[in-house]
Structure formats: C-alpha cells, structure tokens
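What follows is a group of structures, each given as structure tokens.
Two complexes are shown next, each including chain A; its partner changes from chain B in the first to chain C in the second.
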Partner chain A sequence: MSQTTSPSGAGALATASAPARRLRDHGRATPWLFLAPYLLLFTGFVVIPVVLGLWMSLHQWDYTLPLKPFVGLDNYVDLFTPGSTTSGIFWQAMQATAIFTVASVPFLLVIPLLVALLMNAKFPGRNFFRAVYFAPYVLGVAVVAVLWRYLLDNNIGLVNYYLGVLGLPDDTAWLTSTPAAWVALVGVTVWWTLGFNAIIYLAALQDIPAELYEAARMDGAGRWQQFRNVTLPGLRPILTFVTINTLIASANMFGQSYLMTQGGPGRETRTAIYQIAETGLRNFQMGDAAAMSYILTLFLIGLSVAVFWLFRERKGARK
Partner chain B sequence: MTTVRSAPRGAQAASPTASEAIPKRRKASAGQRVRGSLRLVALVGIALVFISPLVFMLMTSFKTRADATSVPPSWIPEEWTLQAYQTILGSASTPVFTWFLNSVTAAVANSVLVVITASLAAYPLARMQFRGKNLVFGAIIATLLVPPVILVIPNYLIVSELGWLNSLVAVIVPTAAGAFGVFLMRQFFLSIPVELEEAARLDGANRLRTFVSVVLPLAKPALATLGLLALLTNWNDFLWPVYVLFSPDVQTLPAGLSTLQSANAVRYDLLMAGAVIASAPVVLLFVALQRFIVEGVSQSGIKG
Partner chain C sequence: MLAASATLATALVLSACGGGAPSTGGEFTGEYDGPEVTLSFWNGFTGGDGPFMQQMVDQFNEEHDNITVESNTMQWADFYQRLPAAVTAGEGPDVGVMHFDQLGSNAARQVILPLDDMVDELGLSADDFTETVWEAGEYDGQRYGIPLDVHSLAMYYNTEHFAAAGITEAPTDEASFMAALDALQAAGYETPFWMPARWPGHLMFMTLDWQFGGEPYAQDGSEATFADESGVQALEWMRGIVDEGYSPEDVAIDAQYVAFKNGETSITWDGIWQFNDLEESGLPYAGAPIPNIGGQESTWASSHQFFLPRQDDENRMNAAKVFIAWMSEHSEDWAGAAMIPARQSVLDSGALDGMPQAPIAEALDSMRFTPTAPGIGTVTTETLEVAVADGVLGAGEPASVLEEAQGRATQLMEENLATFGQ
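Presenting the complex of A and B:
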C-alpha cells in the first residue's frame, strides 16, 4: 500500500503526484530521530551483547577477579575435552535438554493439533473453551511450577492420591526420581503451553478455504483422506513455524526444572540454560558460560535450519 | 481471528471431521449431532483438566496449614481462612506486597517503553525512504533468530557496569530491546491507507505531528495488543529477575515465589496464596481482554 508512494522509480511518480512527493519530503535526520530511542536499546542490549559474549568466551572471564586473561579458544576446547572441569557438567546438561526436547516436542505438536481440530467448528461456547485451554499459558512458569510441585508431592499430592483411587501405584516420587521426573516435567509443560500451539493451529485451520474440503468430498475423499490431502498441506507453512518455535522453547527450558526438581535427582534434570545461568551468574565463570551459550546457540540454529530443510524437502517431493 | 468465509450453509464445511457424503444430507446431520455431543464431552473433559488445578490452588490458599496437607486432599476448605494471605503479606523475609508493587511497576514501565520505542521505530521503517533503511530493518529482523540465551551472560555484565544490578531498571530496560514489537507495528502501519497521512501533511503537519495525531490513533488496536503482550511477558519473566534481583525488597513476584518456596518448603497454604497473588492480575486481565491476547498470539504465529 505504501509502495505506491515510495517506489524506487521515484522520478516518474514525483511528477505524477504532488502529495507523494510531499510525503517523501523529510529531513535527512527525521527517520533517525524516530529510530533513535529503539536503536539505543537495540545496540546496547542486543548488538553489543552478541559481540561482547563472543569476546568474553575468549577470555578467562571471572566476574569477581580483576584480571581477565585472553585464552583464545581454550574455553571451547575445554568443553570438548573429556575430564575438564566444564565438559562433564555441560554435556550432561545438554543431554538433559535433549531428553526434554525429544520427549516433549511430539506431544506439543500433536496434542494441540487434536485440540484445534476439535475446536475447529462453530458451536456454542467455542470462545469459552478457547479461553480455558489458553489460560494456563498466561500464568508464567513460577506459578505453574509451584502449583504442580504441590499437586505432584509424593505424600499429600493430588496426583498420587487419584492414582491410588484408580488402583494404580500411588507412591511415585515425581520430582526426585527419574524417569518419573521427566514425565512430570514434560506433562506439566504440555499442560502449561498446549493452548499456545492450539490457538495458532486453530487460526491456520480457519484459513483453509471450505471449498477445498467440499471439492475433496465431491471426489469421494473420506475423513482421513481429507485430513491428509487438504488439512495437512494447508497447515504446512504454519507447521514449520510451530515446530521450530516449539523446539526452541523446549531447548530453552529452565524454570520448570529450576523450581520443580532443582535440577535433581543429582544433576539429571539440570538443563543447558540452567547450567549456563549457574556457571555464569552463580559461580561467575562468565567466560566458560559465554562459550557454553555460543555452543548451545549453534545447536539451536542448526536445529532450525534442519527443520526448514525438512519441511521444504517434503513440500518439493509432493509436487 | 478470521472466521470461516463463504461456507455454504448447512455444509458445516469448516470441520474436516463433519463430512458425510453430501447427498445423504439428512443422515449426515444425525451423525453430526452424535459427533457434536462427543465433541462436547471431549471439550468439557479437557477443560476440567485445565481448570481444576487452578481451582485447587485457589481453594488451598483459603485453607489452614493443617488442612492444606491433609490426606486425602479436600477440595473445599474445612474452615475458610485468610491466614495464609495474612502470613505472607505480613512477613518481613518474604514481603509479598512489595514484590507485587515491584512487578506492577516493572511490567507497566516495560510495556510503555516497548510501545513507545517500537512504534516510533516502526514508523520510518514503514513509511520513509532513507539510506540505511534496509540495513537497519534487516539487522532488527535478524535478531528474531538469535536465541536469547547468548544475551544473558553479556547483558548481566552490561547491567552490572551500568550499576543497575539489584534494581528494577534491570528488568525494565534491557528486555525492551526485542525486535518483535517493531516488526508487529511496522506490519500494522503498512496496512493503514497512506492517504490519511497525506491529508495531514498537506495541512502542514510535520512528520512527528502526523505520526502522533493521525497514525497513532489509528493504530490503537495494535498498540493495545503489543502493550498487553509486553505486560504479560514482563510480569511472568523468570530467569532474568531471579539472577539480577537478589535483595528481598527489589524482587518481582516470580523471583519472590522461588524465595517463598525455598523458605517454606512444605507450607503449601502459603505457596498457593503467593501463587494466587501472582496470577490474579494476569488472569483478570486475560478474562477481560481475552480476544486481544489470543488474536495477538495467533497473529504473531502467522506472521512468523
């Protein structure tokens, strides 16, 4: 829309419409004055930190010590040297992140889709259900984790009580033993964030033209075939977004583990973000922590690229 | 949210599941009715799973200490009491009321800062031609792909150098640098017809005047959505406040809740009262403005 008044072929249009030219008339500084407040924040807390983090990762940067000697890639090398002070705890944390991500992402992709399909019709009270499913997401991890710690308490928790009522084992230590702790962390996360993906799926489902379903039915497609040939292709662009978003969110898991299991038992549920925060902001080994965060970032970027590639590949194959 | 467009009446075409063959319309609608009730049962069942933990949280906050840990657990307090609230609000080591005020201050200030800086920055990116525009916009968009984790350690150092550690400024300012707001506002400005601004320009208004008195009033829905999302995000932020705020009197509610948990490991009545205080404002906000929040979220998804 704005393109009509701000094209690159300005010469032709300038003579064509006076208002267009007037709109382009602004002092050289004007756009920068508008941008200045944001760019100040952006430079100070995004651009500089990205570079500074890299710089720190090349130094033995202990916040509490006066000297920060340059150590080159040593911090990185240490992370990849078995038996060094940092490699063990880092890779154990990376493993915990991987376990959580692999265990939670399928549920967070599939269950919200089922819920969205369930809601994707006009029926009375739809907005009510939509709100109910989304409600836990507005709560924040601190409330969610404190609440579920209570519900999952070995002795007095509601979850074990109802399991007992159903005649199932009612003494599971949900937060202090594995694999139960993983089940708890994944389950709580699904409960907490399911609504987010469901809402996005629902918006995408409603953008699929009804005519496509009718055409499919005319061709004698059953419900499953309609889902395969109309719904899934219609969702593909949004699926890429939802998958990447969910992967990254899961790989950034911190609060659930910090508050519910305290990373335990042992260090088993201490995730990468948890370890980076503890190394850098509790023990103040900020050089090591910065190196860890760059490695994690590389993993995350690799993951995103892989997902893009995966979805594009299938798209091509279908045509 | 987009509703189903031009769906033929009676076809129920929006639902891929409601799809008997078209000629058997009558039979199909009977099947649809059965499926409709099945759907309702499923929807209500899932809704109970979502709501009951929150109801239990609320109920427990009105229980006595003993009642909160009784076996079997009871849903209704044996004796309704405000003890838990009185205890945590009156405690000097866990000043919940101060945390509440800190959270309100931080969330409102952050939200205002985001709305102002993002909309100001988005305007020239949507409406003006200038050298370096693509570079700036590209840089901002590129950071949408940067995982926040690489900012945590260096930002701690920057905040500490600025003398902001253990002060609310640390949870108000750095988090306002996100790219999402600029992106959202730019998309919205592009959708406003440029003619309205031209009229103001012809009347002699300068750029800032045009922006403030013509563009911003038109952008109210987008400003509200952005402000609300920023408010919710800041209110619930956890990792950053836990590490940059360490004195009890400057903490925000989420960071405070973790203190409350470690100080009162098994006082679930107190913990639930704290959780209710931390969630009540956002839940009320959500109930009142559900449409804006849900639409903002689904739109951010689609735009991504």
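Presenting the complex of A and C:
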C-alpha cells in the first residue's frame, strides 16, 4: 500500500511546483484570471444592481412604462416629508424592522451558543441532537411559516390548546395582536435559524486548543472561569461574524411576517423589506422602493461599523 | 423592404405610447391556417378550478391540428408580479387569463392588447352578458378582456347545524340572518359566524358597503370613498358580529374557513370557488346568496377574463385569438370549476342545472364590481385590507381607520392617474 501511494504523492508535489513557476512567468495577469469568475458575478449581481438602484432611486421608475421621469432627490425627500404617500408607511416599517432586530438578535446570539456548548460536550447520541437542532434551518421559509401559522392560530391552533391543557392562558392572539405577534415571529425565527449559528459556534469551539483548557484547569480555573477566559476570547473573531450576519439577516426579515401575519394585525409587523417589495414589485414604484432600500442600507452599514468597533481588537486594553 | 417598413411602422406605433393602439396581429377570422404553433397560456387556477381548465385546454388541443396550447399555472399573486416583467422582457405568454380589475393596470402599461376587432367577429355583444361583467372588460374606451366567468362571494352554511337549530331556510336579510345566529347559539353553537380580519374580510366589507348604499371607489378611479357613512356602517356591522359574541376575537388568516370545514362554525362567507373544496371535504353544507344586510341587494364579484399579451409574432397572436374564441364558446364546461359562466346564452342553455353555484347565479344582476382603474387592486391591498383588519380586530374605531386608509388610497389613486395620464 505505502509503495503505491508514495510515487503518486511525489507526482502531486511535482505538479504543484509547476504552476508556481508559471505564475512568475505570467506575472500580473494570473491573479486577475483566478479572480475573473468571481469578479464577473460580483459585477453582474452586486456592482451593476447597486449603481442601477441608485439611478432608479432618482427617477419615478416604473419599468413597464416608457417614460421614467427624472425626479432628482424627490423620492428621498418624500421619505422624510410627513404626509407623503411613502414616508409614514416606510418609517413604520423601519420601526417594525428595528423591533424585530432588537428582539431577535440577542436570542440568536445566546441560544445557539448554549446549544453549541452542549453539542460540543461528549455524550451518546450527540450527532443525533446536532441534527435535531440544525434540521429546521433546512426548511424553506414557506414551510416554516405555514406550519407555524396553523400551530399558532389562536382559535384553531395547537399551541393555545396545549397551553390551555397546562392551565396557562390559552387565548393569546399570536398572529393578530401585538406584542404577541412579535413574540411569535421572533420565536419562530429563533427556532428556525438557531441551527446555523450553532454550527458556526461549534466549529469555532472545536478550534480552541484543548491545551488551553488543560492549562486553565492546572491553574485552578473553574468551569465559569474557563468559559470567560478561554472559550469567549477564542470565539471573539467568530462572534463578530455571527453578530453582523445575524443583525443583517434579522433586519432583512420578510417571509415570516409576509406569510404568518401578512404584516398584521394591521400594518404593525410589516418590515422594511416587506414594504420595499410591496412598493417596488407590486405597486411598480421602483424609484421609491430603491430610495427606501438605500436608506435601509445606510442604517445597516452604520450598524455593521458599530459592531466592528465594539468587537475590535483592543491591544493593551487588557492586563 | 416592405416587411422592414412594416416592422418600423409597428415599432413607431408601439413607441408612440399613450396614443394609438398597438398592433394586434391580423384581422380575426375565426380560423388559423398558418404554420404549426405552440402557445404558452398563463393562468392562476391553482385550486379546484385547475383540473377543469386543463381539461378544456386538452380538448382544444385535440380539435386543433396546428395549435398546441401549453398551460402554465401559478399563484395569482405571482402572476400579476411576473406578467409585466415577462412581457417587457419579451418572454411573456401568448395568451392568458386574469381578473378584470388587473386589466386596467396592464392595459395602461401596454402589457396587454385591445381586442375590439375580435368582439365583432366572435359575435359577442353586451346583450349576451350582464352589463357589469361586460363593462369590466373595458378600459379607456377599448376592450381588453373577453369575460370567461363571474365569481362572487357566497354564504355557506352547515346544514347539520341548521337542522339542529331548527332553521329551515337560508337567511336572506338582516332580520333572518341575526335570528339564525341566535338560533344557532341557542342550539349550542357558540360562535356560529367567524369574522375574518384578512381575506376575505375586505370582500365582505365591499359587499356590505354596496348594500348600505355606498361605493368603495369613484368609478373614474379618482378617489376612494369607502370611509363614507355606508362604509362605516359596514365595518361597524362586521365588528359588531365580534362584539356581540357571534364570532371569536382575533380570527387569524384562513382560520374562518378552516373552522367552517371542521364544523366549528356554522356560517361563513367566502368565494364560490370554494365549492369543489367543500364538496371534497364531505362536510354537510349548502350555499346561498349573501343575505341582504344593508338594504340594497348586492354582492362583491369579480370576473376572469382572457387577454392577449403584447408580442411581435402575428401567427401566434392569431392562433391565440382562435383559442380565446373557442374558450369563450365552451364556457359552459367551465361551470364545473364552480364558476358562473359569463355568457347569458350559456346560462340560458342550462349549464348550471344541478351545479352547486346555481342558487348564487340567480343573484347575478346584483353582483358588483370595483372600477377597472389602473392600480386599483394594489390600492385595495395597501389601504382597505389593512383598515378592515384593524376594524374587525378592534384595533381602531371603524370610522377613524377607514378615514385614514381612504386618505392614503386617494393619494395613491391620484398618483396612478398622474402616472397613466388620464
């Protein structure tokens, strides 16, 4: 066996050294050639839409109409003018987005971490439980939303029925009153997506060298001290990623409220993306919708910068 | 050279938007003798109506050697979002069917073509249709839709519950309706009439608004008028059903219909397209026209209408016209989908005999349509639906939620008028 593998291993080494030589020969074009497929997609699906969206937001843009009059910053001004057709609904939607984000992100950061810590421990059936927690994430939003819409229905659903069986209040209108609708939307979202963050945490936990824990134990650190001084610092780079990712995902919530509450009871759970889709794709006011999405984008950029700043490496700050 | 200049002329006509009508292929002769074509046919019949449409398409294909029609069925909501995009990109269908209230928007966007020349050839005239359904196919003085059917709200009731409560006849007015609710409650059916906050709540609201003598929108599409006295009466009546305990509080999406199918509630108002579904469920039920609560007999209704999307291929257009004509002539088969055929001659021929929707079709003359103004469907979704939900849920006073929604609706309608330059 070892005889057959060693020549092929040598061959692999030989071929690996060939491109290195060619890279020098080709010079500067090579990295760009490697980047080309990605750049092409990036340009087509990110750069062009971003620029085109900006251009649209300066027009009264209905793609089915021949005339798309230039209106300058009017679409933006309208968003900040009380009483215009777009400002009221947009800021209400932004507020809904903020409520959902503030309510869901802490749960989506903490619960998956607890789950990951559990999953990282050694116990029989561990893989089964890993799968159980990750499974909902595999489902599409339509499946999740329709499933929970029926479970949470206050008059015919199982959730209230079982709450009643347990002697708890069983008349909560989970989908047609606030704040219950927010509890339902956040709860369903956490149940649905916690597996993703948990998997990332789990991978990060497994990257923390066992020697660090060993050394900590030698120094007499308890479980909590190990968590604070070994686990958390080890997770910090991942934590930045998970936080920003979760913030953006939560701020982009759309399907859950679209399918579960239809933005209701009235318009309370209509998020910004929901309103943008309604305005742009159903009402064909793509200029207004583009302006809305740029304002949302600015908020998200601000938020991401804040998170980076919070999680930045503070050299010399400790010890 | 001739062909080139013809194309140029078409292009000029097309680019002179808002002015003359775009080309609609050759004159309709009722026959298609061109080369073999395969037509793509878009529709939104995803429910119990789908199989009936497919049967009709299959029969058409059998009878026509040189035309093959391929159905593409999708949810109506997707349909209305996709159609303008597809046609604009030159990837649209060759023929399709849509609700009349979308014809105006799509005509104004030049997604669909006028069909006036077909009407004469088909021998279609206003005489063969009820006035409302015929007018519903027109926008801006031109015909864009060939009516296939009328579908309205209907009252469904559980015949077992009715028998237990000693009710022998379907209620027809407010007095008998309220008496029926009381009798049902007395018989142990505590919440006999669930009031939905969302769909079909706004259809119930419009029905009642008309019954109380109102009109949700101005006919010319210039303003919303659903917050006037009759509108407030309508919404107060709906909320009253909840306040008086006939309906549970906070009925969520779809719950009203599911509860009816489960025998948890005795009466529900929903579209006649539910007949096949209820038939299949095995529930002991019957259908009747919506009772006259407000004083004037009327029921919300809509109509599926065939349309021709804008495209360049004359052969396809002509073949599509043959398809539309054939479908219109065979609309009695469509009665199997629980719809009411739009043509009076088909109705007179007894197409509805023994069909569950027959009693509802008797109220055809009192069925009411919203105006065909562009964008009216979206206006309803954005404003009226939300106000009705708030009112039914008790989140606001009927008068004030309607007032607020009406203001925004009028704003949107004014914007639409400006956009479409009427």
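As a working rule, the second predicted complex is superposed on the first by the 266 of 319 C-alpha atoms of A that agree within 3 Å, B and C clash if a C-alpha of one lies under 4 Å from a C-alpha of the other, contacts with A are read in each partner's own complex, and residues count from 1 in each chain.
Note that in this section a contact is a pair of C-beta atoms (placed from the backbone, for glycine too) under 8 Å apart; a residue touches a chain by one contact, two chains touch by 3 or more.
These figures come from a predicted structure and were not determined experimentally.
Student: For A:219, select first, second, both or neither according to whether it touches chain B, chain C, the two together, or no partner.
Tutor: neither
Student: With both structures fitted on chain A, tell me whether chain B or chain C touches more of chain A's residues.
Tutor: The partner that reaches more residues of chain A in the superposed model: B.
Student: When the two structures are overlaid on chain A, which partner does A:175 contact: first (chain B), second (chain C), both, or neither?
Tutor: second
Student: Of the partners chain B and chain C, which touch A:149 in the superposed model: first, second, both, neither?
Tutor: both
Student: Applying the touch criterion given at the start, work out whether A:290 contacts chain B, chain C, both or neither, answering first, second, both or neither.
Tutor: In the superposed model, A:290 contacts chain B only, not chain C.
Student: Classify the contacts of A:62 with the two partner chains as first (chain B alone), second (chain C alone), both, or neither.
Tutor: Only chain C is touched by A:62; chain B is not.
Student: Regarding the shared-chain residue A:53, is it in contact with chain B (first), chain C (second), both, or neither?
Tutor: first
Student: Looking at A:281, would you say it contacts chain B, chain C, both, or neither? Reply first, second, both or neither.
Tutor: In the superposition, A:281 contacts both chain B and chain C.
Student: Both chain B and chain C touch chain A; at which residues?
Tutor: 63, 149-150, 153, 155-156, 281-282
Student: Using the touch definition up top, name the residues of chain B that touch chain A in the complex.
Tutor: Where chain B meets chain A, its residues are 1-8, 11-19, 21-22, 36, 39-40, 42-43, 46-47, 49-51, 53-54, 56-57, 60, 69-73, 116-118, 120-121, 123-130, 133, 136, 139-140, 143, 145-158, 160, 173-177, 179, 182, 189-194, 197-198, 201-202, 207-208, 211, 232, 235-239, 242-243, 253-255, 257-258, 260-261, 268, 271-272, 274-275, 278-279, 282-283, 285-287, 290-291, 293-294, 297-299, 301-302, 304.
Student: Quick one: in the complex, what on chain A touches chain C?
Tutor: Residue list for chain A touching chain C: 60, 62-67, 85, 88, 149-150, 152-156, 171, 173-177, 261-267, 278, 281-284.
Student: In their shared complex, at which residues does chain A touch chain B?
Tutor: So the residues of chain A touching chain B come out as 1-2, 4-6, 10, 19-20, 22-24, 26, 28, 30-32, 34-35, 37-39, 41-42, 44-50, 52-53, 56, 63, 115, 117-123, 127, 129-136, 138-143, 146-151, 153, 155-158, 161, 191, 195-196, 199-200, 202-204, 206-207, 209-211, 213-214, 217-218, 220, 222-223, 226-227, 230-231, 238, 241-242, 245, 248, 252, 254-255, 258-259, 273, 276-277, 280-282, 286, 289-290, 293-294, 296-297, 300-301, 304.
Student: Within the complex, which stretch of chain C touches chain A?
Tutor: 15, 17, 80-81, 84-85, 88, 109-111, 194, 197-198, 248-255, 258-259, 262, 264, 375, 378, 381-382, 386-387, 389-390, 393, 395-396, 401, 408, 411-412, 415, 419
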